[in-house]
Structure formats: C-alpha cells, structure tokens
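Both complexes below contain chain A, partnered by chain B and then by chain C.
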Partner chain A sequence: MTLFLRRTLPLLLTFLFGVAFAVQYYIPHPVSEGALTEISIWLRIILGFAMILGIASLCQVHYAKIRTRVAGWGYSLVVYFSMLITVAVGLWARGQETGTGLGWIYTYTLLALQGTMFSILGFFVASAAFRAFRARSKEATVLLVAAILMMFGRVPLGEYLVPAAGPLAGWLLNVLNLAARRGIIIGISLGGIATSIKIIFGIERSYLGGRE
Partner chain B sequence: MATSVLIGAWVAAGLTLFMFSFLYKDNPFFRFGEHLYVGVSMGYTIVRIHYDVMMKSLYGPVAQEGKWWLLVPALLGLLVLTRFIPKVSWLSRISFAVIVGFGSGVAIPRIISSNILQQVQGTLKPLLNAGSSRFGMAELNALLILTGVLTVLVYFFFSIEHKGAIKIAARIGVYFLMVYFGAAFGYTVMARMSLVIGRFDDLILFASRDYAYASVVLLILVTLGLLLWERGSTGLTTGGQRRTQTPPA
Partner chain C sequence: MRELAGKLLRLDRRAIFVLIALATLIPLLYPVGLPIRVSPEVRRVFDHIESLPAGSVFLLSLDFDPASKPELYPMAVALLNHAFRRDLRVVTMTLWVSGTGMAEKVVSGVASEYGKRRGLDYAFLGYSPGGANVIINMGQDLNAAFPADHYGERTADLPVLRGIRSLRQVNYVVSLAAGTPGVESWYVYGKEKYGFELGGGVTAVIAPGLYPFLDTGQINGLIGGLRGAAEYETLIGMKGKGMAGMDAQSATHFIIIGLILLCNLFYVVAPGTVVRSFDGPQDGPGPSTGLRTGSPQEGQR
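What follows is the complex of A and B.
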C-alpha cells in the first residue's frame, strides 16, 4: 500500500493528467475548454503554495545565518525586516497599489533596486565580452561582427555614422538570426516532446525526487 | 510636491547609488541594497500570493461562490509543504505529479503546433510562393533561412557521424549559430543599456531643485561613506571578511 501511494499513485496521476490534457487540445468542445481553464486555476493555487515553500526555504537560510552569527549576518536581518515591513504595509493596503504604501514601496524601492540590479549586468556583460570576444577563429569573428552590427545598427548614433548599419542589422536579425533561431526552436521542441512523452509514460521519474 | 513623492525620490536615488557602488567594488552599501531587494521582493510576493491567489482564486470562490472543489488544489498545495517534514515529504510527490503531468500533456500538442508546424510553415511558405515571380532579394532571403534551419538542425543531429557532406552542412550551421549568438548578445547588451539609461534618467531628474538635489547630496554621502569604509578596511587582515567581486545574479 505504501509503495502504491509513494510511487504508483504519482506515476498514475502524471499519466492521467498528461494524456487527458494532450487529448484535450484536439477536442474543441466547451466542456473540454472549461476543464483546461479550471485546471489552470488549480495549478495557480498549487503554485501559490509552492511559492510559500520557496519563501520559507529562503527564510530558513537567513535564519540560520542570524542564529550562527556568520560574517554578514546583519544583512540577513535587513532581509527579515524589509520583508516584514513590506508584508505589513501590503496587508494594511489590502493588496491595493494605487496611492497606497504598497504602491510606494513598489515604485520607489522595488523598481529602483530591480532596474539598477539588472542594469549593472550590462557593464559586466560588456567587460566580459571585451575579454572573451577576441577574433581568434573564424567562428568567433562572425560572432563578434554580428554583435557589433547589432549594437551599432540599433542606436540612432550608429545609423547616423553609418547609414547602412540599420538595414544591415535588420537583415541580420530577420534572416540569418531567424534561421538559426528556428533551427534551435525546432530542436528544443523535439527534445521537449520526447521528454514530455517519457514523463507521461513514467520513463523519466527524476521529478519525483528520492530513490524510491 | 507631495512629501511621499519627495521621500520616494530620495529613497530611489539612494538605493540606485547603493547598487551602482558595486561598479567600484563589493561594499556594505551594495550588500545592504542587495539584501533589501531580496527582502522587499519576498514581502511583495507574499502579499501578491495572499491577495491574487489565496483570496481571489481560492477563498473567494470557495466561501462566496460555493466552489468547494477548489479545496482539492488547496489540499494538493498543502501537500507541497510536506517537503519540510522528512517523514511525510513523499506526499509532495502527488502534487508534483499533477503539475508535471498537466504541464507535459499541455505542452505536447501546443509545441507541435506552434514550435514545429508553424516554424516549418514559415520557412517553406515564402519559397513555395516564390515561383510566381523572378528570383529576387525576398527569394534569396527565403533560401538563406531554409539553408540556416536545415544546417543548424544537422549540427544538432548527433545520431550520425559528422563527416563528408554532413560535416560541411554542420560547419555552415555553426556559422548561422554564431550569428544568432552574436545578435542575442548585442540585443542583451542593448536591453541592459536601456535599463542603465532609465536609472540615470531618474538620477538626473532627482538631482533637480524640485527634489532637493537628492541625487547630488546622496552621491556625495555614498562617496564619503565608501572612502571611510575603504580607510577602515585597509587595516583588516585577510581573514575572509570581504567577498570576492562577482557580478550579481
């Protein structure tokens, strides 16, 4: 019985849900479409709980840092305080963002931090490229030229200095880049379908975790 | 100007400068901003889950509309949380089975339709339409796209040995891939640069008189803070007090 609950039941559920919703696509009936909508809501609810799992896991990590007083444990306190303050303000605002404290936190804290955090990566990507993009081989030269053309042709200054840069970048994007992208998409899709079939038929079980 | 906007401008300018201070080196200002980002993001996510998922999709429909069957996904969601209790953590498999099974089932027909058939159609249709007119730029482009798609697929096809004609085709595919990677890189850099411009745009705005010169004052304060921190930390021995400089995730 335990083995059934631990291994067979999850595999059976995967098979049933997998086959049902693969077939659902080919049944254009209101009942079938309603089922898809309903299960999508189910999934949103389950994923909501899964997010709690992730947040709780992060809290555990920071709690351990505070408890053991490791170097920089004060920053973990910043995590806790900022999280609690945001939750308190969010509950006070009843989740509304327009003209509330939650909206203020979102606009002046979260957006500013997020925008800057990701913009910093621009500097690191550029500096890493400076070291990595040396035209040592024909392939690397092609990559370098494509990258430079893309950057040059997509800004007004580039088009102003070299009028052909814009159309050339457009051609590169819409023809050569598109061809490779389609090849990659088709390749990934074939792999995705194969993996999905393996999961549905219980050949691929790594998502269950554990050894049983 | 409302006080909340003025305070907001000072906070946003300060946090932006804290984060940009990482360009000098890893420092306490950046680490504070980094951890604040994690905390606020978590808090915001909790609030959104509570109102958008728990209240709107679960509590409301169950309590007000009598959709009691939504208690099933709630139960499945609770089973996910059993990961914290090692003895019964296997129960979470049931929830993951539903998520993975549904995801796999939904993916197969949609991938076939949108990622394979439509891509093949988009590749072949321009060539089939080309017969009516003489060979021009559009036809050349269509031919180049077909060549690119086929050679890239040949490059990723490892079931046969890459030699002879296959090797040549795979080599051509590599060049198409290099163009793709180069273009993707260029696009990524430009996207990041637009974010940099956005942040600088805000900093310049907040440096105006309307915002009490927030950016200028805070820039001086952060610079002074960094100088003090640098002077204070020069005497530190190498005891693992500082992190090595790595780009933020």
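What follows is the complex of A and C.
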C-alpha cells in the first residue's frame, strides 16, 4: 500500500494528466475547455499551498542556523523578526496598503532595500570591469569588443559622437545575438520536450524523492 | 610607466565607486538632454497602441518588483500615459506579489492625472497567485482568475470589464517584466492560445534574449531597459525619468568603457600585476584592495 501511494499513484496521475492536457490543447470542444478552466483553478490553489511550504522551509533553514550558531546566524534572527513584524502589521492593516503600516513597510523598507541591492550592482560591475575584463584570448577579445560596442551604441552620447554606433549596436542585437539566442532557445525547448516525455512516461522519476 | 600602471591597477575600488557615483549624480543634477534615437522595436509598440480605436482593451501586466523599478517604472508611466491619452480601456495587474503596491501606485497615479475613474475607465486587478497558471486561467475565464479587483470590487460588476470574459476579448497585452513569469509566459500560455497581440517591456539584461521572439512576430515590439523607456517617452513627447536617466547612463557607460580600456592598457604595460579582488581572502569590506604582484603565469589564471 505504501509503495502504491508513494510510487504507483503519482506515476499514474502524472501519466494521465500529462497525456490528457497535452491532447487537450488540440481539442477546442467545450468539455475540453471546461476541463482546462477547472484544472487551471486547481493549479493555482496547489501553488498557493506551495507558498506555505516555502515559508515553512524558510523558517526551518533559519531555525537550524540559529540553533547551531553558524557564521552570520544573527541575520537569520533578522529574517524571523522582519517576517513576524510584517505579518503582524499586515494582519492589523487587513492586507490594505494605502495609508497603513503595511504600506509604510512596503514603501520605506522593501522598496528601498530591493532598489539599493540592485543599484549596488552598477558599482561592482564598474569595479569588476576595471580589474577583470581583459583580452586574454581570442574569445575574450570578441566579448570585450562586443561589450564596448554595445555600451557605446546604446547611449545617446555614443550615438551623438559616432552616429553609426546606434545602428551597429542594433545590428549586433538583431543579427549576431539573435542567431545565438535562437540556437539556445531551440536547444532548451527540445530538452524541455524530451524531459516532459520522460516524466509523463515515468522514465524520469526524481520528482518522487530520493527514497523512490 | 610599468610602475605607474601597476599602481593604478592596485587602485582602491572605492575610488571607482566614487567615480561611478559622480558619473550618475552630476548628469542627474545638470542634465544635458542629448537627442534619443528611437529604435524600430520600441516604435512598433507605440504604433500598435496608436492604431487601437478608443475603447479598445489594453492589458498592462506589471511583472516586476522594486529591484527593477528604475528601468520598468518609467516604461509603465509612459505606456499608461499613452493608453489614457488614447482613451483605451486600461486593465492592469501583476504576476509578482512584491510588485503589487508599486503597480497600484503607478496605475492610480497616472490615471488621476487624466481624471480617469477606477472601475469605469481603468481597473487594477492586483496580484493573483499561480504565476503562469494565472494567464491560462485568465484565458479561460477572467472572472475566475480575478473574482475581485485589488480593492475588493467584484470584477464581474466593473463597467471597464464589460464584455471581457477572457483574454480573447483583449486587444493588446504588454508585459513589463523583470524575469519569469513575464513576457515569455504571456506568449507561451497566453498569446499562442488566446490570440491577442503581445508586446514586451523588459530590463536591459533580459532584452537581448527576447530578440528571436521579436523577429518571428511572437511579440510585436520590445521596450528594452531604461533606454527603451526613454525612447517611448520621446515618442509620446513626455519628459520622464527615462529621459532624465539617459545622461547618467551615458556617463556611466563611458566611465566603464574607459576603465576597461585602461585595464587592458595597464596589463599590456605591466603584465605581471595580479588582481585578487574576487577570489582572494582579503575580498571584503575595508580599505584593502586584495591585490598583489606575482608572476605573469599567475596573472593568466
């Protein structure tokens, strides 16, 4: 019974739903469309529970860090503290942001912190460019020249100084970049299809967990 | 010369940080306002909105969080300005929970500038969990995906959504995305099945990856990065944050180009200088730059 619940039933459900909804795409019958509507609601409910799982996992990881006093365990305390405060204020504000403490936390902490984190990247990129972006090989030289042309051609000052810089950067994006990206996308898509088929037919079973 | 090059390569990285900060701040305080060339991919988004008759349904999905605000927020402002000027029925939403408050602010802010009324001229549906599944759900039944808008009003009762049962009745969708779910999700799960026209607005990092979709017509136009926002502002004749940021971007790009060229020049002059600022034990906050001088072979690592 345990084996049935742990292995056979998930494999059976995966096969049934996988085949049914691959075929559904090609059948625009009202019954088929109704099934898709229903399943799309189910999926969203299941993903809602995944959020609970995520929060539980986050709490577990940070609790372990605090318990074992690993380096930087104080930050884990900050995670707990911030999360609890935000949840408490959010419940107090009944989920409303306008003119409430929740809106204040969002605007003056989350928004500011996330914006700061991302903007710091600009400084590190400049520092890294100075120290590490070197023409050490043919490939690195191609990358370096392409990067300089893109940075030059994608800003008004570059186009003002050399009017051909903008169209040249556009050509790099629309021809060379496009060809490379298309190859990558086709490769990823074929890989995705192959993996899906393997999962549907039970060849790929890693999603069942290690004890499968 | 070799000694000088070595010294400059060992420059404290905080000096570079100061240089970048000045290159950003000075143009923001004293803008030059260089002309901005409009690229065809941005113009196509503009042209499509221009071609829509008043009352057409325009769905703007603000799929980003505060980290991407500097690039995508100006795009949202420009697109909303354009849509409200054209008297389109504007429906907005987000697939990113942490972007909800920001999205609400930009939508209600621009709408109030045009005297547009919530529920009547525009709607903000807010966030609904499920990522790409929300798109499928909206394609099947919009009211099931969003039974109520962000403010708790029943979507079935909103006059702006009258006659819109699913994504099939939407004329144009633009996703302003900083990742997944974003433009690709809207194409794969939305446009492919429900047949609406789709445009994209993304951060500069993501934009190069979407050019194949642009070339095949899977998306009809693409607004890339702050530059794209500035181009769109140029098209609608608006002086927004996109244009204001372009001078700063010009200056920082030129600083970075200069640094790259200098770095390569110094390595030619002083080939033995090794930089350990990224893998060395001294790579942390503080005055040390983590640099040392070693053999040329070590420098090639």
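Everything below uses one rule, namely that the second predicted complex is superposed on the first by the 191 of 212 C-alpha atoms of A that agree within 3 Å, B and C clash if a C-alpha of one lies under 4 Å from a C-alpha of the other, contacts with A are read in each partner's own complex, and residues count from 1 in each chain.
FYI, a contact is a pair of C-beta atoms (placed from the backbone, for glycine too) under 8 Å apart; a residue touches a chain by one contact, two chains touch by 3 or more.
Note that the structure is a prediction, hence the values are computed from the model and not measured.
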Which superposed partner A:Arg131 touches (first chain B, second chain C, both, neither): second
Partner chain(s) touched by A:Ala20 [first = chain B, second = chain C, both, neither]: first
First, second, both or neither for A:Ile203, with chain B first and chain C second: neither
First, second, both or neither for A:Ala147, with chain B first and chain C second: both
Which partner, chain B or chain C, touches more chain A residues: B
First, second, both or neither for A:Val79, with chain B first and chain C second: first
Touched partner set for A:Pro156, first chain B, second chain C, both or neither: second
Which of chain B and chain C A:Val70 touches, first, second, both or neither: neither
Shared contact residues on chain A - chain B and chain C: 25, 36, 41, 43-44, 47-48, 51, 106-107, 110-112, 114-115, 117-119, 122-123, 125-126, 129, 144, 147-148, 151, 154-155, 173-174, 177-178, 181-182, 185
In the complex, chain C residues that touch chain A: 9, 11, 13, 16-17, 19-21, 24, 34-37, 39, 65-70, 98, 100-102, 104, 128-131, 133-134, 136-137, 140-141, 144-145, 193, 204, 207-209, 211-212, 215, 225, 227, 246-247, 249-257, 259-264, 267, 275, 277-278, 300
Residues of chain A defined as touching chain B within the complex: 5-6, 9-11, 13-26, 36, 39, 41-53, 55-56, 58-59, 71-72, 75-76, 78-87, 90-91, 94-95, 102, 104-126, 129, 138-140, 142-151, 154-155, 171-190, 192-193, 195-197, 199-200, 207-210, 212
Of all residues in chain A, those that touch chain C in their complex: 25, 33, 36-37, 40-41, 43-44, 47-48, 51, 97-98, 103, 106-107, 110-112, 114-115, 117-119, 122-123, 125-136, 144, 147-148, 151-152, 154-160, 166, 170, 173-174, 177-178, 181-182, 185
Contact footprint of chain A on chain B as seen in their complex: 4, 7-9, 11-12, 15-16, 19-20, 22-23, 31-55, 57-58, 70, 72-74, 76-78, 80-81, 83-84, 90, 93-113, 115-116, 119-120, 122-123, 141, 144-153, 155-156, 173-190, 192-193, 195-196, 198-199, 202, 240-241, 247-248
